[in-house]
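By letter and in written order, the chains are A, B, C and D; residue numbering begins at 1 in each of them.
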Amino acid sequence: MANPEHVMGVVGSYPLLVALWLLPLFGAILCWAFGPQLKRAAGWAATLIAFVAFGLTIASWGAGTQSLNGALGADQPLVSWMPGFHLGLLLDPLSLLWACIITGVGALIHLYSIGYMEGDSAFARFFAYMNFFLFAMLTLVLSDNFVGLLVGWGLVGLASYFLIGFWFYKPSAVAAARKAFVINVAGDVGIMFAIFLIVQKTGSISFGNAFAAADTYGPTLLLAICISLFIGAAAKSAQVPLHTWLPDAMEGPTPVSALIHAATMVTAGVYLIARCAPLWSHDGNAQLLVGTIGGVTALVGAILGMVQWDIKRILAYSTMSQIGYMIMGVGVGAYEAGVAHFFTHAFFKAQLFLGSGLIIHALANEQDVRRMGGLRKRLPFAFIAMLVGVLAICGIPGLSGSFSKDAVIQGALEHGHPWLYAVGIVTAGMTAYYMFRMLFVTFFGKYRGEVDPSELGIRHPEFAGTATHLADDGHEHHHAPAWLMNVPVAILIVPSIFAGWLLYGGANSPWHRFFDPQFGVGHFVGVPISEFTTTLVTLACVVVGILIAYLRYGTKAAREGAIERLRRESVGMSPILANAFYFDVALDALFVKTSEGLGRLVSRVLDPHVVDGAVRESTIVTQWSGALVRSFQTGLVRAYAVFLAVGIACFAAFYAFHGVH
Amino acid sequence: MLLALVLLPILAGSAMLLSRGEDRRVYRGIGVVVALATLAIAIAARSDDWSVPWLRAPFVANFHLGIGTLAFWLIALLALCTACAVLAVDSARPRALVGQLLLLEGTMLGLFISRDLLLFAFFYDLMLVPVFFVLLERGEHPRDAWRYIIYNFAGGLLLLFATAAFGVLHGTTDVIGTAGNAISGTWAPWIFWGFAIAFLVKTPAFPLHTWMPNTYASLPAPVAAVVGAVQSKAGLYGFFVIALALMPQEVARYSGTLIVLGSISLLYGAVAALVQTDAKRVVAYSSLSHLGLIVIAIATQQPLALAGAALYIIAHGLFTAALFIGLGYVEEREETRSLARLRGIGAKNPRLAGALTIAGLAMLGLPGLAGFVGELVIITGIVQSGNIAVAVVAVISVVLASAYVLRLFQGIVNGPVVHDLPVRRDLSWREGIAIAPLLLALLYLGVNPHAVLAGGAVAIPRAPLSSTSGVSTP
Amino acid sequence: MTLPFTHVDWAAIAPLEVLAATGLLVLLLDLVLRPFAPRALSLGIAILGTIATAVMIGQQYGTNVAAFNGGYIVGNFSVLFGGVVLLGTLGALALMGRGGGDRESAGTIALLLWSACGALLLAGASTTMTVFLGIELLSLSLYCLCGLADRASAREAALKYLLLSSTASAVLLFGMALLFGASGSVSLAALATPAMVGNPLFWMGSGFFLVGIAFKLSLVPFHAWAPDVYEGAPLPITAFMTVVTKAATIAIFARFAYAALPSGASQMLLLPIWIVAGISMIVGNVGMLAQHDLKRLLGYSGIAQVGYILAALAGTTRLGLRYAFFYLAVYAVMNLGAFAVAAALSTGDAEEGAKLETYRGLGARRPLLAAAMTFFLLALAGLPPTAGFLGKILILAATAGSGYLWLAALLLVGTAISLYAYAKVIMAMYRPDHRVRTVELGTSAPLPWVSLALCLVATIAFTFYPLLPTGLFPLVK
Amino acid sequence: MATSFAGVPIFYYEALASILFFIGLTGAIARRNPLVMLMSIELMFNAANLAFIVFARAWLNNAGQIFAFLVITVAAAEAAIALAIVVVVFRSAQQVDVDEVRVLHG
């Protein structure tokens, strides 16, 4: 604590920043406390607040990008948390970007939700949670210290928990929420641990002090800090092997999946690593580790995405895979590329989710693509929205995804990780395959909603998705005006297509000019492969992927025999893939079963029979000796006299012995 | 003032026990007024000091009362918990229950403001009596009353022994609030362990905890709230003002043992809480786990860990009380505490579910609530003291905590509404007010822990470890 | 021939004379006024006489007189122990004011007073001769008192007490003879010479003497008579025995241990007593478990409580004697309190208050009496806010201070067990699910209530104003 | 202290007193008839008396003799009370076997 304070931003008073941060909290309290009174107005109020927050973010642009004496952005001190530890807000380009996405995309999804959640019995509560999520996420990205970050980290986990388990009468939703929360707490704990190490070393919790001391940690401590931080990042960003909660999290309402489990919260890990770039840049081992795990996640997500039938689970695995890209990017040191992929992904993935929401909404909560088909004509707008999203995520040149994805792949190579480069390219092809597979199965061919599920190979229709009969609040019977849901999707189409162009122009692109003060100008190893070549190779892979998808699902013949084909694929799926590489089973056996087994051991064996046993035994012995004493008390005078005589004999012996000596 | 502080609740409680009538409103009203009055008196008398001679041989002992820094927060917690618990009483026979609650408050107040070891021991044993009687009259099984009194009395006897030996060797027991290495030599370990075992029983820590789950499960919810929240802190308070202040060298010498016991408690309680089917037992075992962390913090003697421990003592009190009161409401409505049978409160009684949620989240250490700050600071201190392995154990328990809290909370709140059960009313105003202050305090301390930390809970006098001087006055 | 004694001697034992005379007066009045005099009159005179005696004893406080050639020493020691004896006597007399059957006649009252005379004598006795005289006066009266109720159990108690106690008296007497042989004097002080250390007669004599003492104190293994006799004897007599006999015998033991032993041998010589005291703490408390009779339970409790008192004396430190006395006084008060509750409940012919059956569900039927009983039982266990708590801690301080850690440990264990036993009674009173047996309870007489209230106040007051006596020494001339 | 009395060493008297005492003690423990037990106890008293008298002679201190007189008096009183109690017990139980008197136990 004796260290001089290193503050990252320009210290000052920024009321807009504070307002931006607290406004969603106010909205959450408003919707929570006065939900019954507000009714539908709650949704509008929350949406309005989200839009105002977005406006405030834009208004703070100047503060966030200012630069003074090496300090970048705005720093607003708040309170002294403990003697020597201070909390504050920090708005610099990195947090500004995140704040824009959180409030901007968040506001659109709020608007969408008004339509989607129409008629739900807990309408106001939903918006309270949504606004609370905005507040938590803003806390996460705006804190200028690790504790504030951890607070936000925990609170987004909570918001996510509430929203996954929003329909808490569904046991599957409740279980999914619990799983997500517990895994995320494991991540929180990782960050906590990093905080302990940092505080032990620097005596401070502020980013500034922690980063200023980055070169004093020494390799072991630095690696320990990075790994601890990454555990947090991995849990939140669904990196292998802590990803298993994300597919399950699709139990939540679709707007939630779009906002939390696609656009913002799950990318918090990316934010964390980008934020701690000074630490990562000092530690090659950490970069290798994180980059590798990002690559593996991208691959695993893509593989699993290829065999899913639930439209939201397809998107979930795709999210996981795309975050793998981001993590790989920021992990290897290509911060600007990783962050850029976050930026573009937020748009097109939100759009994909919202598009899928349109379908689900229209089909009365049906999520299984096997029971869809031919929706192109029935839901043309949804088709267009999905199509744009799919093209963007596949990395079709000109659309946003291609810029950022190629940047990440190229970044991996430039930072000296050719294997990750290869993984990135292969994954891009697989991405194209499973996205087009989804597209073909959903929108082409004939509608299969009336087909008996067993003919499609659906064994347990009630487990396939949000089964209709469980949603007994009957919200699907109310339909809001279509524009409420269509407008946000339409708006998102624009950045989905064009956001990537910010990266156009190499080192002079707007993106680089924006972020260079933050991350510095990268110095790369010379690579023999140019960015253009990479784009071409990737594109080739993508085309191959699309082609395979087309051949399997898109040709006329495939469309005709879709029912039989889907049944065969469903039934014949390899158990490894059906069980998602047994990650769930392994985690369950390693941690859940073990702790529960220990718990049973403790509470059924140790506690009653060993620990308490000693006490109980002594009680029994006491009572037994009570009976013993009583049994000596026969009531016979002569027996008593015998005691007397024995006592006398003992005394006499003692005194005789000592008297003689 | 200080004397009035102790006597007011005791006399009010006794009068209640001797009175006739069973009007809930009257007794609740009086109880709340008395509890809040003690809080007011405590604030007014914060710097008072009152002393009357008691014994001159075999050692000097005085009726010496004064409010220390940590004690003040504990008193505030106690008064708040008592007021809330009294307000939450909904028994058909409220007279005895409220009376016992006030007696409990009075005896514990006495404990916290004792400046004399002998007086401390006096109240330490005395505060068992009201709880024993509540267990006797309202407990689920006579065995629970036994266990409670025998375990705690045995601990109290060791405290008595340690106090006597301390007094004889040191010449005076009027030492609470001072610091120094008061005892050294061959007797020191015996005296230290006399104190330590007494405190570990009360806390409780492994392996002296088996009285606790039964007691908490068996007590009526309001009493369980006060016992779980405040009475369990008597031992920790003792560690602070007696073990740490007067025998720091012994604490240092046996810190390894204490840390091991604390760590076992930490994990043991957590895994046990994971599989309980009785909601109150989940909270009980979680207490074992959480308080184990405080024991570790105390054993490290690291300033940051101690500061965190002080805060966590308060935080734990708040959320334990809130949870017990909340579970009491659940039990009143559903007439069961079995997690196998409870479900769907969230749809039926959303306000109750909300209250339970906040309390549960504080228990699992959600960032932003007081429990989190305490845990974070304690473990930071533990790491600073170099016990990385212990810190790992501690964070594992944090993960386990999230698992068992969610299991508890989801079991009660979530799930489909059981339609064939009658829909009971949601929290009434009275019930809401009985739980709200605790939750607000949790939020407040989570946002602004400075209130306790800077208020000087850390500033309990402690002797430097190297010093062998006698007792110094602060 | 003139008597060799002066008025100083007679003044020293004047309180005893008053007490004995009161006994005579009660008898005579009863003889003369029998058709008219209610029993209350006898009782009133006895109480007044006892109070007068107490006042006279009180006036001796601060003096130091050796009367009858050092056979009876008046000092703070005798005054204080005499005070406890009279306290016990008053308590027993108050219990005689209970309602219902088993009513004591004037003869009983007189015998009780004379028995108390013997106990008073013991408080000041400092020769083996006066000790023997006191013990026999105390015991002989008690044999009769035990058997005076018209119940088979009372007669059995009397017979058992008579046979065993006489045997013990004989052993004691033989010990006295050997001690006399060792020192050539009946004075206890004469034993405290270094020459005694190597004298076998002294050791054997002390052994037999201590056996007698241990019997009267009902230490294990000489305790077997106590529960039976306590159960059989009428309630007031049991109360009297648990307090007065113990107080008087402790006085004798203390004088012997502190003043009659050569300093080199005292610890070794008294070791068997400390051992049996330790065993008594355990056995007495364990014996309390699973009893059905309050008198019997308190009899066992008394066995353990004497163990505690002796623990304070272990090491024979001056402070220890003060604490032992303090605990004795506290024990007397709380024990009498418990008996007073039992007496207040004994309104029929069958001493209902002595049966634990009566206490089932008492908390609901007689909340005040139940609360009082609870209070006294917790006091006996040593819980605050009773003086039992303070007494325990003082004993611990003394025992630990003189190095008898094992005795302190036994004390702790014994105390824990005792709470277990006392709590069973408390539980029976308060557990709502205990079937309430319909033991009919009538209205109580006032005297036990007065006694109960006084004991209660005293038990609390002793906590806050601990009467630690001073000026107990010297014990012999 | 004289070592002999009437030409017989003191030790012999002591031994005799001890033997008497233990005979009495044995009788008090072993016999079932309370009267015989009482007689045994009297024997123990008298053993003590013998010892007192011998030691009084040996020390030339007549306190021992006075003590013996005292004991005789007390023993007489004791015998009176004892017989009364035995008679009372006999009257109600119609027998005087101490083994049969065991209402009180436990």
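Keep this in mind: contacts are C-beta pairs under 8 Å (C-beta built on N, C-alpha and C of every residue); 3 or more make two chains touch, one makes a residue touch a chain.
Given the structure is predicted, the values throughout are model-derived calculations rather than measurements.
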item: Where chain A and chain C overlap in contact partners, by chain label; value: B, D
item: A-D or A-B, whichever has more C-beta pairs in contact; value: A-B
item: Whole-Å gap between the CA centroids of chain A and chain D; value: 97
item: Chain A and chain B, separation of their C-alpha mean positions in angstrom; value: 36
item: Centre distance in Å when chain B and chain D are each reduced to the mean of their C-alpha atoms; value: 65
item: Length of the line joining the C-alpha centres of chain C and chain D, rounded to whole Å; value: 26
item: Chain C residues counted as touching two or more neighbouring chains; value: 159-160, 163, 167, 171, 201, 227-228, 420
item: Contacts with 2+ other chains: residues of chain A; value: 619, 630, 633, 635, 637, 641, 644, 648
item: Chain B, residues touching no fewer than two other chains; value: 150
item: Pairs of chains, among all present, that meet the touch criterion; value: A-B, A-C, A-D, B-C, C-D
item: Chain C - residues contacting chain B, complex; value: 319, 322-323, 363, 378, 381-385, 389, 392-394, 396-398, 400-401, 408, 412, 415-416, 419-420, 423, 426-427, 430-432, 464, 466, 468
item: In the complex with chain A, residue positions of chain C that touch it; value: 159-160, 163-164, 167-168, 171, 199-204, 206-208, 210-211, 214-215, 221-222, 224-225, 227-228, 268-269, 271-272, 276, 283, 286-290, 417, 420
item: Chain A to chain D touching residues, read off their complex; value: 630, 633-638, 641-642, 644-645, 648
item: Contact set on chain B toward chain C in their complex; value: 54-55, 57-59, 63, 118, 121-123, 125-126, 128-129, 132-133, 136-137, 142, 145-146, 149-150, 153-154, 157-158, 160-161, 163-165, 167-168
item: Residues of chain A that touch chain C when the two form their complex; value: 619, 622-623, 625-630, 632-633, 635, 637, 639-641, 643-644, 646-648, 650-652, 654-656, 658-660
